[in-house]
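Across the two complexes that follow, subunit A remains constant while its partner is subunit B and subsequently subunit C.
Right after this comes the complex of A and B.
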């Protein structure tokens, strides 16, 4: 009973501290759009806004052009851009106002070149191919968000200034091989709970290898702390093109609470599979001293708490990600992420799945969910656990 | 050297300590790089 009360207190402290950080992050005022519009129309001295479209005037009161903002959800949250169109109907400039992507994305993306290439293009002849922006594989959502934001702002200006209706493209639900694979892997994980021994191991190996290929090397879309932090911040990606992340996180949360062990990590996580494959080379795992296992658990929990706290405070969920997944699956990462990947893979030769057991942030989230499960179960059910 | 002292200085303890310190330092470095890089 005392244990349950202590666990409940711990959960409440963590949740309240994070809620306070998020509340603080959310108090930030909306950006003043006349600043980036003034940068697009450098001679502008005054602005007038009607129906979300700004008119920019010079000192003599002459109209220089129109500008509007567009917003679309990227990987880390909504992105806000402003596009300006001059009086001849050509693009005067595009400015990024707000973004929540990782620094590595901006280092790889060719967004500035794309923005520059758009200047002087007639508003109805813009090339909305996000392949021009992308520069990096595995970042289609963020690159697509840049292009969709520009398209939205240009459509607004076209409607208001030129009375031209530029229809936004229809967005069908993307339910492809990735989504099907995730469902199959989660179902395989659930089914494996009904069997024991070698059959369960066989199912686990098969689903992990499939996860490694599909969720890892092909699509590079494993669960990351950034994705979870984005959802917790209230930045919900469009389910029509991000169904996979909803399926993965639902599988993770539901099975953690229902069974106390999540199916995602055991049966679908591609990075866990990669470590298991490396571990096959050396055979039996080395046992670490118990004190170090406890220490690593505490340090990991602290790091995860601090990362989410900072992500909420700055309202930049993408920054909480420290996993080396992109380095392995998309071959993109900072020097430190490459170093982290190297250490973890080398350690996998001697220690059983070191990332999963000691450093993965999702392990801390899983422990928190298990604590919640323990607290809210009936005392008779919880007794055997406490 | 006593048995207890020998145990305290075992190679696996030193290796485990170094492992914890190095990996966690790299992780903190990645996070710092993210937050500083975004400013």
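Right after this comes the complex of A and C.
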């Protein structure tokens, strides 16, 4: 009983501290759009807004052009841009107001280059083929969000200023190989719970290797703390093109609460699979003393708490991401992430799954979910199962 | 980084590899590990890989590309470490197991 109370108290402290940080982050005022619009129309001295479209006037009251904002969910949350169109119907400029992307992917998206390439283009002849214009590969979520935001703002100006209806492209529900693979892996994980011994091990190996290839090297879409923090911050990506992340997180949360063991980490996580494969090279790993494992677990929990706290406080979920997944799966990462990847993979030769045990933020989240499960179960159930 | 261009660096590296070869031979003798030509060949390949890693880092630093030096060093360094583990397992092929040794001693 005392243990349950202590666990409940721990959960409440963590949740309340995070809720406070999120509430503080959310209280920030909305950005003043006249600042970026003033940068686009440098001679503008006054602005008038109607139906979300701003008119920019110079000192003599002459109309310089129109501007509107557009927003779309990127990797770590919504991105806000402003596009300005001059009186001749050409793009006067595009300015970024806010974005929440991971720094490495934001750099890869090379947004300023795209914005520059659009200047002086007639509003109805804009080339939205981002990759074609500046030759960007990768960072598809960020570049997709940039394009969608510009489309939205240009369509608003076209409708209001030129009375032209620029239809936004229809967004089909994306249900491709990645989503199918995730469903199969999760089902394999659930099925494996019904069997024991070598069959379960065989299923685990097969699904982990499949996860390593599909979720890891092919799609580079494992669950990251940034994605989880974005969802918890209320930045929900469009399920029509982000169904995979919803499936993965649902699989993680539901199985953690229902069974106390999450299927994602055991059967689908590509990074866990990479460590197991590396560990296989060296054979039997070292057994660490339990106190060191406990200590490292506490350190990891503290790091994860601090990362989420900062993400909530600044409303920048991407800030919380310290995982070296992108360095391994798409060869993109900061020097620190490369170093962390090196340390983890080398340690995998000697220790069993060091990332999962000592660094993985999802392990801390899993422990929290298991605590919640323990607290809300009837004492008789807890006794018979735990 | 002048040291990578100096004769001393290559002298030191040569000594290091000679010590490694002698060390490997001594370990093999102590543990009664049979040495074959293909074990030495694997060792030679590993030496080339490790040398390439060092050369890559040195050249990148010399070219004023510290990021490439760090990332390439980490990447090739990891491959070299994994290869070292594989080499060790290859080296131990045919070695009498510890339990056999203990039984023989008792």
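Some points to look at:
FYI, the second predicted complex is superposed on the first by the 376 of 386 C-alpha atoms of A that agree within 3 Å, B and C clash if a C-alpha of one lies under 4 Å from a C-alpha of the other, contacts with A are read in each partner's own complex, and residues count from 1 in each chain.
Following the convention adopted for this analysis, contacts are C-beta pairs under 8 Å (C-beta built on N, C-alpha and C of every residue); 3 or more make two chains touch, one makes a residue touch a chain.
This structure is a prediction, so every number in the text was calculated from the model and none was measured.
By the document's definition of touching, both partners, subunit B and subunit C, reach A:339. Once chain A of one complex is fitted onto chain A of the other, the partner contacts of A:9 are absent, as it touches neither subunit B nor subunit C.
More residues of subunit A lie in touch with B than with the remaining chain of the pair subunit B and subunit C.
By the document's definition of touching, of the two partners only subunit C reaches A:278; subunit B does not. Of the two partner chains placed by the overlay, only subunit B lies in contact with A:310; subunit C stays clear of it.
Once the two complexes are overlaid on chain A, the subunit A residues touched by subunit B in the first and by subunit C in the second are 339. Subunit A makes touch with subunit B in their complex at residues 102-103, 286, 288-289, 291-292, 295-296, 299, 303, 306-307, 310, 314, 316, 318-322, 334, 336-337, 339-340, 343-344, 347, 358-359.
Those residues of subunit C lying in contact with subunit A across their complex are 67, 70-71, 74-75, 77-78, 81-82, 85-86, 89.
By the touch rule above, subunit A contacts subunit C in their complex via residues 278, 281-283, 335, 338-339, 341-342, 345-346, 349.
Looking at the complex, you find that subunit B touches subunit A at residues 10, 12-13, 16-17, 19-20, 22-24, 26-31, 33-35, 37-38.
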